[in-house]
Amino acid sequence: MRSRTPYIAVIGGHEATDAERALAAEVGQRLAESCAILLSGGDGGIMEASCEAAHRAGGVTIGILADSNRSHANAFLTAALPTGLGEMRNALIVRAADALIAIGSGWGTLSEIALGMRTGKRVVALRTWAVTPPRPTDLSLMIAATPEDAVRLALSEVIDHT
Amino acid sequence: MRSRTPYIAVIGGHEATDAERALAAEVGQRLAESCAILLSGGDGGIMEASCEAAHRAGGVTIGILADSNRSHANAFLTAALPTGLGEMRNALIVRAADALIAIGSGWGTLSEIALGMRTGKRVVALRTWAVTPPRPTDLSLMIAATPEDAVRLALSEVIDHT
Amino acid sequence: MRSRTPYIAVIGGHEATDAERALAAEVGQRLAESCAILLSGGDGGIMEASCEAAHRAGGVTIGILADSNRSHANAFLTAALPTGLGEMRNALIVRAADALIAIGSGWGTLSEIALGMRTGKRVVALRTWAVTPPRPTDLSLMIAATPEDAVRLALSEVIDHT
Amino acid sequence: MRSRTPYIAVIGGHEATDAERALAAEVGQRLAESCAILLSGGDGGIMEASCEAAHRAGGVTIGILADSNRSHANAFLTAALPTGLGEMRNALIVRAADALIAIGSGWGTLSEIALGMRTGKRVVALRTWAVTPPRPTDLSLMIAATPEDAVRLALSEVIDHT
């Protein structure tokens, strides 16, 4: 039995293919159906696709915006929070999340994957960057084959620890 | 006619007198009734009193937490966002808000008042610090006599600009 | 005998009167003569006056810049560090300093005074804001009558704790 | 003819092999000989090896520390600046640098590589992570075979743009 709301970040850039947006949408819907709060950068692309689906499924969506205003915020946010931090807000998304689901090919997305791994968060990779260290490390990304998989892996982290 | 949701920060410390908590509660309730999103540091004292009242009135409350976890978050937050930034998160609360209502005597509260004024946000003072520059400045805090006044002044800023 | 280099922040705005600039210059020179590292926002006004005098006296000066580039950095910095954080970088100046000397009337200066007090740093006021809490607090600013006084008070904090 | 001081970040973790430390040391020495200011996280491992060599060659070294105090700062810093930001300070190192040289296998290092690429900085990879996006991107890391190469590539960026 889960004792608290999971906060899951969907990380991905504002440029996205249709296939990536479809993955993001299914992730967003499943998170909302699981009563998770969806965190993201609150912008377009992967962020918008996941928020729109979560919003339509009745979920709570929080956008931690790069800009100092809301002009680029997508229309599917319960709350849109301007930070004015640019790409530095990526670290805040990572910190506020219990686990992360990464989709697509942005460099910003890669920074969030790395910051998540650096700070011991579970990072689930769903068709995103492959990374190879120059020598073996203990930790590696968790690879998901499908959105269903990705959401299950992300949520299990939270359930395991509560 | 207002075209968008106002984001109003209630700024005040975790140490608060009963009188200050009562002011904060009335502010929180009135913000919720006005469909504003209440931003705060998400901790106890003024933050908790305002969030509790807003939450009971059906409002959305967002806590931008100083800690890197949720252990000090109050129980009345729609979303609790750990930042791990300590007092530096005060600047984020200011940035995310359209206007601020300051209550009580914390030094952190004073920093938010100053950052709000520095960045051109409307800052409404409701029984809080008095500040005197060494030589005259153009800008000054807006003083509210009552919670009703404070909320009206804060919301009028948003309405005027949309 | 002092065991380590003191880091002293000179906080003050880019708009300053000649009298304020003269105070800042004397503070900067005395800090350099005491082998302290001078931290500041690295911009004009109080920041420039203190850095110029410290630089001429052979001191190390570090500018923690608001902008994401060096176009507003003054010409007297050993190192100019763009942060792109705007007024949020004030918190970084406070964190990097062992003690702070505040001069003049900027709202940003007031935010640094408040953040310094909030985080337990010694804050020395040299012709700057007077602040009055709505009810008594334990802590108060240390008031200096002269630049000599201000530097002595700031450095004694560091020496006392090493 | 170069008109201004280059700021080059050497990014790499506190855990490093002897071979990686040797690369970092040669990079540090060459940067100092080129009158570049060396930026780093100011901690051990790659950071220490590069700072020590730069310091011995008479260079200026700046540490932007993860902690809120100087207890983990290495002994070879012209200025050690506590931020209390943890891994979030990585973004500040990237912002303050004209170009970055990445060495070794830390996740924090990968985050700096990604943030550097995201924000249009030149990132030179010297025996570090290989990264593969899920679909082709326009940008890629610049690969250096030797420390000499790495320093030349990093400095040419600055010279080209002044």
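Lettered A, B, C and D in written order, each chain numbered from 1.
Criterion: a contact is a pair of C-beta atoms (placed from the backbone, for glycine too) under 8 Å apart; a residue touches a chain by one contact, two chains touch by 3 or more.
Because the structure is predicted, anything quoted here is derived from the model rather than measured.
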B-D against B-C, pair bridged by the larger set of C-beta contacts:
B-C
Matching over half of the contact pairs by residue number, can you pick out the copy of the C-D interface from A-C, A-B or A-D?
A-B
Indicate the whole-number Å distance between the mean C-alpha point of chain B and the mean C-alpha point of chain C.
28
Averaging only over C-alpha atoms, locate the centres of chain B and chain D and give their separation in whole Å.
40
By the touch rule stated above, which residues of chain A touch at least two different other chains?
68, 84, 86, 88, 92, 95
Chain C-facing residues of chain A, complex
68, 84-86, 88
Taking the touch rule as given, give the residues of chain C at its contact with chain B in the complex, in rising order.
17, 86-88, 90-92, 95, 104-108, 110-111, 113-115, 117-119, 127-135, 137, 139
Partner chain B, residues of chain A touching it in the complex:
7, 37, 39, 60, 62, 64, 68, 78-79, 81-84, 92, 95-96
